[in-house]
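See the structures that follow.
Each of the two complexes below includes subunit A, the first together with subunit B, the second together with subunit C.
This part shows the complex of A and B:
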């Protein structure tokens, strides 16, 4: 568990980082908090020739409340967001304690987790649920990528060679939106076996919009459109919860691993969605 | 014997909270582990391991790796021409897997060492190890225990008739006759595969100094390791020194001399430079011994009240490839010896098979066959109670050994000379039933929760003979005590310390037995050059046999101290007492002579010794428990342990019926390890044992796919953390053994052996409405959720 040899550099600004990344093409990998990449290096699952540590770049550490959203720089640590409480981004706040352990969140970054696109990770699910925007910086400038098209498979994103995720824009949700984040992991802090992120807008006791995401069940987080439709216009009573849970269990196509079969994950999705909806019900 | 095992007249440390000797250094990062050892010119090893579960090696290409800058040598089995396979001392009744440090013709598990890269550092060694190419002709792999039993199953060892390394079929005619005339209840139980996950992985560093091989390693026995090295390497035993520095947990897994220990030694001798191997966690998952993986087929003749009249069991243990631990099958024998539980079941016959499969070799792990037996017996009793319609507690009460039954010899020959079987059980019931009712009150209204309570009562053989596993060593321990001229005491013992407090109990007993302040005692362990030959750490033995040897040696020293003091004080020895490092006449503290004055007389001013007395103030003693048997009698009966501890466990659990997750709310345990030397250390042992028991029951699972590829990386090997640990209540009973020094029994494994049974029974209770079949561990959320089915949600 020793990494193969690599060149390490720690540029002081984004332009320099982009220049190094451009120079080395797919030989180079940005390093943020290192909570995923370093273990992968040690297991020799990733073998970049050049590691570009973006931790010293100040412009990637911005965290700003703007009129209708939060702009969070790629290397803002998860712990910083957790402590900040990010008013208006309830779902993000609820998800933070589920990310690893506190020590991991102290090093792990918002952008690192999203770019890493681990199927079991919390932040991609939040981003997908609230329609966050990923902003990629390249030598030709910035490019905005919708959450729905950012995640391109397990551990794959749609950044191009030479691009780096510079920040993420999380929209502030209306005050009528109620959020819940439910995750089942074998131990506290473990990777999820299944999880649900929910942001449900309720007006006049009825669901106007339901945004429901399941994660840790397949390549990337998925929106539960069937369940969302099942709730549309309804009050969150027992029958609606059951219909949504059944729809969710039917629409997901979970994968199989040591912690659970597809059948078990369907049951988890149903149970967790049920609990999430109970929580958001007025 | 009697008096020879006495503590001094006024023991002040034994039974009290003596702070653990190494806490300051270990907890402040000042410990010295193998990974902390550095030597000028030290090279490091990386092992090239098999990537296939079963295959014939057709070529090992090392040239490219050998050419890497910084690589010293790349070796394969063909280079080890002067290495001997480990001798099989049990060949009369077992097959021989022919344990050798590198795979010779075949590989039999993923992780099997095939080649070694020796390089200037571990980074280079790993870079080069990637370049070693091994060609295999793959063979069909035998993965499950059931497959291994099939007559037409592929064989791991082609010269064996089948995959059975051990196959003991005792005469069962008496039990068969009872079964034939009775109501019979049958169940099959299985315990999954898990193992120890010590914070420190395996490690060793070999160096040649003054033409002798010095091996610094994490092994649990300095002397057995030394002797074993002399069997396999062309080095005389006198030219080998084994030293065990600080160790970050052993748990049985570090009992074995591993291939890497031999390889590092061989390379150090060959290159005359220090060679270190520090196992990484990925290697640990596949190349450190695995454990458990037992199947138990139980048949009982029962009466109308469910009482067991006779029991017949077939135990099958999956050994993996059996290429690490020569006595890998011994846990199955231990399981067999615990199949009656602490119950008055006069008739019990157990057949034992141990089979080889293409998985990581089995080894020893805390509990060593007992958790398997307790799980099977205690689940079996709950299932009988349910079947017959009697209360599970009353069924236990009707069979449990009562004080008047003791001493009691079990059907397998174990001599239960003392214990608190019924009393500890009643204590646990008294504490657990209210805890269960509290849980019911808290969660009863929650449709997503079910709560339950489960019990397990057990005895556990401790301080076993080593002969069961090695067919070679027996059961003794040894100790040397020397009082130095300033009155300070040096105690050297064959026991070893993996962090559990061995050093502390040695110092405690020595201080009390000699009547000196504990600060004046220096303890030396685990260096084969400076300690007498002992068998080290296994089977919860060290306080019993290590304590016995120490007390014998201390008794000799104490007698001489009194003789010298009597001469100096012109008093009669029998009137003297030793306390706080001073000797005086009982009842009159002055005049007194100090230990320093006595020792100075004994060692330096020998002209002042009583006429004719030999100089020196030291003794070496060895202790082998008299009633411990090493070889079974003609009926297969044996009393293989010096003592038997007992305990009752109870678990109160909550099951989340939506996710299948089990939360252990309360764990209540009443244990009896005879006389307690250090209460917090005993509690710590139990706590840690419960954590490992809970881990094996709910979380830890070493899985393989159909090709024999390991499926459990460390990330998925779920050792419980503090958050997963329940609230634990420990109750103490002390039933001293009349047959051990001071009545001490062992406690090292006591917490580990009960959780599978207690939690399994609690789960059956909690989910009674779903009629679950709880016959295997681990009880993962997915497994539990499947028991609930779709009847709920």
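This part shows the complex of A and C:
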């Protein structure tokens, strides 16, 4: 299994990369860490004519704590985020160890994983839960895309031809927000069969805002709005946890594949949500 | 028309790279589509890096790239321009490294196919980040062994990392 032939370049700045991408249209693909794209090349599931390696572009490697958010460049590696701990972005930190293995995180990037939009990937779920903003760079400038409209189906995003995901903005959550990340896979590091990302704001022992996301159960991660509503204003006692889990199991429509039936995934969603909420309960 | 700041970069089928491999400077022109594992094995004749699954699952091709364990079957040789690589051949200048000796002494290998990948992962990570036996399991979770079983490997790592069975 070897990649099909292609031509390759490694631009030193974003303007160069955008120029090449514009010139070659949908024949061209950006290459970040390559932890999804290179296996796809090896399997010949992807056959781009032109690979534009964005790994040498310094402006895509920024990682900045700003007053109310973190700006993370598209080619910042998952390993770098894991080491950094990203204070104020607890959910991002909690999700990191679930992404593949150490060897994958050493090369895999924040932007690559989000743009690849694998249904089982952790980072799209985190982005959706915390309302991250994806910033696309094109030849006409930058465009901000909300997480709720960025993911457009399995392995599909809403970037236009010629655009590159340049960075992602993760809001810093209030100190009253508690986060949990849970995932079930057959073996540690495998693709998730189901997972839950939770960010729950608790004031005076009652839930003021619950943001709950299920992933690896369908085309893209989904917010569990029924479960979120079931928790509003309540303390996280056993009854509330049961109500939320039941609401989640009822509202998801999991897909059926070799890794799990819809029925099984529904039970996983309920069980993982229970565990996540137990973890965030004060 | 390019933006005014854009220098012209032309995508090519052959890519010049400068890379340090096991301490030696290497200059080469590689095919754009060549995988790093194939460059190491076929061009540099460093056949200690094994190619197993070729899809980033088994870990047999793990190398040390700028201090991180990396799977060389899902990287292009063209991507390592300017980097420093250590392969299993670079682990010891003569004889065996303590980690290699521990694998030998503890039956940490049988057929040996996966061994270079385990060695490269373990020699690249910081043991302090992986406390206890659970930590060792986590550290080697990205490497698959199909014959020895992991008991001997765990024992080898405990020996090399000066750990007892309980952690």
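Methods note: the second predicted complex is superposed on the first by the 282 of 282 C-alpha atoms of A that agree within 3 Å, B and C clash if a C-alpha of one lies under 4 Å from a C-alpha of the other, contacts with A are read in each partner's own complex, and residues count from 1 in each chain.
Convention: a contact is a pair of C-beta atoms (placed from the backbone, for glycine too) under 8 Å apart; a residue touches a chain by one contact, two chains touch by 3 or more.
Not measured: the values here are computed from a predicted model.
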item	value
Partner chain in contact with A:274 - subunit B first, subunit C second, else both or neither	first
Partner chain in contact with A:133 - subunit B first, subunit C second, else both or neither	neither
Contacts of A:188 with subunit B and subunit C, given as first, second, both or neither	both
Partner chain in contact with A:109 - subunit B first, subunit C second, else both or neither	neither
Partner touching more residues of subunit A, whether subunit B or subunit C	C
Touched partner set for A:61, first subunit B, second subunit C, both or neither	neither
Contacts of A:43 with subunit B and subunit C, given as first, second, both or neither	both
Which of subunit B and subunit C A:13 touches, first, second, both or neither	second
First, second, both or neither for A:258, with subunit B first and subunit C second	first
A:1 touches, of subunit B and subunit C: first, second, both or neither?	both
Common interface residues of subunit A - those touching subunit B in one complex and subunit C in the other	1-5, 43, 187-189
Of all residues in subunit B, those that touch subunit A in their complex	122-123, 126-127, 130, 280-282, 448, 658-661, 699, 701, 703, 711-712, 715-716, 718, 720-721, 723-724, 780-782, 785-786, 793
Complex interface listing, subunit C residues touching subunit A	2-3, 5-13, 15, 32-33, 35, 38, 54-56, 59, 62, 65, 68-71, 73-76, 78-79, 81, 121, 125, 138-139, 141-142
Residues of subunit A touching subunit B in the complex	1-5, 43-44, 184, 186-191, 193, 245, 258-261, 264, 267-268, 270-272, 274-275
Complex interface listing, subunit A residues touching subunit C	1-13, 15-16, 18-20, 24, 31, 34-35, 38-39, 41-43, 50-53, 55, 79, 100-104, 106-107, 139, 187-189
